[in-house]
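In the two assemblies presented below, chain A is common to both, partnered first by chain B and then by chain C.
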Partner chain A sequence: MLFLQFQAADNNFGISVDDIVEIIPPVNLKSIARAPAYVPGQFNYRGKLVPVIDISLLISGSRVKNLLSTRIILVKYQPAENREETIGLMCEQVMDIVEPEAEAFETPGYVAEQTPYLGKVIYHKNKIFQLVKTDDLLNEDLKKRLFSEKI
Partner chain B sequence: MFSLKYNFNQKAKETLKKFTVSQKITFIGVILAIPMIIQMFFLVINSGKDIDVAEKEIAGLEIIRPLSSVIEFVSLHKLHSVNAASGSEASAAKLTGLVKSASTAFAALDSVFKEHSSYLSLEEEDLKAVFKQDLLPENLRKEFDQIVEKTSIANAGELESEHDKLLAGLFSLLKLTGDNSNLILDPELDTYYMMDIVVITMPEIIKLLSATGVEISKTMHSEDGAGKATFEFLTHFNQFKKLAAVTLRENAQLVIRSDEDNHGVNEAVQKEFPALTDTLVTELNSLLDQMGNIASGMHSKENGSLIMKVGDVSGKAFTFWQKSGYYLEDMLGERIGYYSRIRFAAIFISLFAIVFAGWLTITISRQLIKPITEVSKISTVIAEGKIDRAKELLEEFDRENNNEGTTSDQDIRDEIWLVYISMNKMVEDLRELLSEVRKSGVHVTSGVTGITSSIRNLEASVAEQAASSNEVNATSKEITAATKDLANMMNDIMGLADETLSLANTGQTGFDEISETMATLTNATKDISEKLKILYQKTGNINNILTTITKVATQTNLLSLNASIEAEKAGEYGAGFSVVAKEIRRLADQTAVAALEIEEMITDMQKAVKEGVIGIEVYSSQTKNYSEKITDISRDFVRIIENTNTIIPRFEMINDGMQMNTKAADQIREAMDQLNDVTNHTKDSISEFREISENLNMAVRSLHTVVSKFSADS
Partner chain C sequence: MIQQKPVKCWKSIGVFGDATCPELQEYHHCKHCPVYFDSARHFFNREIPNTFIDEWTKVVAQTKEEGELNELALIVFRVGREWFGINSKVLLEAVENHAPHYVPFRSNNIFRGLVNIKGELLLSFDLSTLTEAKETNEDENKSRMLILSTGGARYVFTVTEISGLVKINRSQILPPPVTLSRSGLSLSDGILVNEGTEISVLNEEKLAEFFENGLKG
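Here is the complex of A and B:
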């Protein structure tokens, strides 16, 4: 399996390549009024409004830095069954793709209540990665507010 | 005069001090012995004289004894020869015996006379000198012999006168002997009356007896009237009566009394002599009674027997006379014994006194000197302070002199013993004193130690003062030296100032050249600064290019990522493409890294250039400052030259002041020397004071203790 590698607060995380639509450089975002801090805004992607989530702020509480390696990863998202949407994840150090063995994944020792989206852990090329499950990223409330009309 | 006397006294006293006590005592003894010896000498001589007188008298008596025999026999011969011539048979019968006795007596007289004649100055020459050579016994004997030859031829008258002549010579000899042998002029009273009896009374009685006998015979045979007493008879009778009745008796009594009064009593004389005298006197009285008849004119036929009786009485008187002579000799012997005893006693007592005095002198001086020596020795020991030794000596002295309990201390009057006793007491007191003094001595010692330590401190501080004054002295010397050095230096500096003047002049011209060079340097740095600014701008351009490169590389990376994702989506068909995308991504990464490195290098270069520009600017401004300062210095040099010109005369003034300073420093040094002397004196005084205080302290304390002790005793 292939995983796209990124960093949040100096920790390595990975997103499955199967979920990724495209990787784009950072663009100017239109902010959403009264949205949580980790949702900095939305932008127009190929005629469709896509919300962007600051994953660094979501996971570690610190805002993402403006670097050359900071990019927006567009991933597939299913708010409900038979319905497919796209969300942008703003991440740092989006530079490489890794290909570890499937058997090497292990379950994490501790899963916090606030982070249901963090999955298994893998040790690969002297680095520890934790997988991010994109479907569990948004809670029910935010999911409704972002995609209500469409539901 | 007084002073001379005083001097003599003083000198005598001084001289006496040079002799020991025993020598002085011996001296006194010798001086006292001299008059004693003189007295003894005179006493002995006087006794000798007295003895000599007595011996002469005895010698005289020895002559008188045969002489008296001669007188007796001659008198009897006279009586009987005259009587025989008158016709008496009885008298004629006695004549031959009488002549024999007389010649024996003459022989005895002659030999005795010859024996003593020189001693009594009765030799022929002596007698010739007084025209009495007839009195020599030889001549008298010749005379008697002639009378004896004539006896039968001559008549009574002739015989009487011849006998009288011979008797007169004999009496003369008797008197002369008595004179020469001092018998008559004997100054002693004891034998005077006995002598009177022997030399005067008895011969007279004998003479008178024969004379009266002759007169009786005459009366008997007178032709003109028988029995009538002649005038001569009466005269003789009265004389005889007076002598026999009064003189002899009185003399005998006086003999007894004088014997009692002088030179001791002669027992034989006292007992026998009165009785003898009484007997003789009775005989004489009875004879006198019978003669009294004749005197009163009574004629009797008994007259013939009376003459015989006269002869008998004459014999008795002669015996008495002889006995008296012996008594006299005995008394004289006694006197000689007395004077010999006196002489012996005088010699013995004197010698004994001298010896005893000598012994006393030695003993007393020993007794005096030994304890005095002991006491003085003990005093010396006490004076040396060895009280225990003194005590031992005193006990030893005590033992030697056995002064144990025989006399109590109050009864002793010997001053030396008193000294000894007081010394004993004194030593006891001293011992007690000593223990007390020792006790107090500890306190005194601590006190003195305290005083001594404080004096030492004082001394130390004085020494410090002396040291510091020495230091000041040295410092003042140094100041003088330094001032002199400084004056020398001033002179040097004045020389240097001249040199400075010339150097400043040359320096000024040098500075002008430097000023020009600095202006050129300033321009050159300005050029360098501008060129460096250009270089900085150009490196900035390079940086822009590098940014572009980095952006391209990032885009390439993004592209390769998307390509990889697309290739995955394409599945098996996209596998080869995935590899290409991966390779592109790797290149893009390397490019980005290289760009990053270049960027760093450019940044460093820019920084260095920037610093270089700043440095050049600083240098430029500094050069500008230096240039300005050099200008200032140049100006200062001008001022220095001016000042130096004005300074030189001031230095001369300073030099004068320095010399004044030198003198002042010399004066300080002298003053310090004086101070030093004073300090030394003070030091000496303090050390003296320390000694004195120590001594005084000790002395005063001990004295105080002693005085208080003695006052307490009294």
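Here is the complex of A and C:
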């Protein structure tokens, strides 16, 4: 399985490439009033409004830095059954695609209640990184608010 | 971690320096070494210029242009009065006309005989039965032989004239009219209208089958 590697607050994370639609550089976002801080805004992605999640802020509490290595990863998201939406994940150091061995996957030692979207931990080339499950990124409340009229 | 400032070790102990780095035993060249690799990424640890962000905002707002994925290059030729096209991938060569050598009890109006192409004997066929068109008395100089290679076999056939290559999109090929069931059309994938000329696009597999049947008969 292939994973796209990125960083949030100097820790490595990975997303399965199966979910990825496109990776684009940062764009100007239109902020959403009263949305949580980790939803910095939305933008026009090929004629469609797509909300963006600041993964760094969500996971580690520090805002994503606007560097040349920062990217918005557009992933498929299903807010409800038979509904396919796209969300953008803003991450740092989006540089590598890794293909870890099947036996490299380990269950994380600790799963915080607030981070149901963090999955297995992988050892790969002296680096440890954790998988992010995109389906569980948004909590029920946020899901309803972002895709309200579509559910 | 790549946040640290890069040590330009490749200039001192690496291949651009005195090559004393012990890691070179394993990597042979600095370009395979992770230290070198990670250093390159410092380039990306810079603030993004705003113009860059503005530009990309515009780019991703556009719908993506659909690429011409369904391209097909046809070699277009004429047999009698009718124009045909075949995928240029299966075409090996176009050569001068050679008179086929008659094979007793084998040659017929589809399989004409053996032909010597650059010292190699190949099977030669005739498509004119397909078109049901009488051979018109035209300039013989335009007549050529095409060598096709499909399904591991090679076939040679005579054409009256070669027009050249046409690059098209597969969607331009129209289905043949249902009321027409001439043998020529049964070998074709459809009709292409190119510059006012109707070209029957031959299916190479069906054409090979047609030739093989000619061999048996």
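Everything below uses one rule, namely that the second predicted complex is superposed on the first by the 151 of 151 C-alpha atoms of A that agree within 3 Å, B and C clash if a C-alpha of one lies under 4 Å from a C-alpha of the other, contacts with A are read in each partner's own complex, and residues count from 1 in each chain.
Just so it is clear, a contact is a pair of C-beta atoms (placed from the backbone, for glycine too) under 8 Å apart; a residue touches a chain by one contact, two chains touch by 3 or more.
All figures in this text were calculated on a predicted structure; none of them were measured in a lab.
K.L.:
Once chain A of both complexes is superposed, is A:27 in touch with chain B (first), chain C (second), both, or neither?
P.N.:
A:27 contacts chain C only, not chain B.
K.L.:
Mind working out whether A:93 is in touch with chain B, chain C, both or neither, as first, second, both or neither?
P.N.:
Only chain C; A:93 stays clear of chain B.
K.L.:
Using the touch definition from the top, say if A:5 reaches chain B (first), chain C (second), both or neither.
P.N.:
So A:5 meets neither chain B nor chain C here.
K.L.:
Which of the two partners, first being chain B and second being chain C, lies in contact with A:56: first, second, both, or neither?
P.N.:
Once the two structures are laid over each other on A, A:56 reaches no partner at all.
K.L.:
Classify the contacts of A:45 with the two partner chains as first (chain B alone), second (chain C alone), both, or neither.
P.N.:
Only chain C is touched by A:45; chain B is not.
K.L.:
With both complexes superposed on chain A, which partner does A:17 reach: first (chain B), second (chain C), both or neither?
P.N.:
In the superposition, A:17 touches chain B alone.
K.L.:
Report for A:134: first if it touches chain B alone, second if chain C alone, otherwise both or neither.
P.N.:
neither
K.L.:
Examine A:70 and indicate which partner it touches, taking first as chain B and second as chain C; both and neither are also allowed.
P.N.:
So A:70 only meets chain C here.
K.L.:
Under the contact rule defined above, give the chain A residues that sit at the interface with chain B and also at the interface with chain C.
P.N.:
On chain A, the overlap between the chain B and chain C contacts is residues 24-25, 68-69, 95.
K.L.:
Taking the touch rule as given, give the residues of chain C at its contact with chain A in the complex, in rising order.
P.N.:
Within the complex, chain C contacts chain A at residues 1-3, 34, 41, 43-48, 52-54, 56-57, 59-64.
K.L.:
Any idea which chain B residues touch chain A in the complex?
P.N.:
Residues in contact with chain A: 550-551, 554-555, 557-558, 561-562, 564-565, 568, 582, 585, 589.
K.L.:
Taking the complex as given, what residues does chain A use to touch chain B?
P.N.:
Chain A reaches chain B through residues 2, 4, 17-18, 20, 22-25, 68-69, 71, 94-97.
K.L.:
In their shared complex, at which residues does chain A touch chain C?
P.N.:
Chain A reaches chain C through residues 10, 24-28, 43-47, 66-70, 93, 95, 125.
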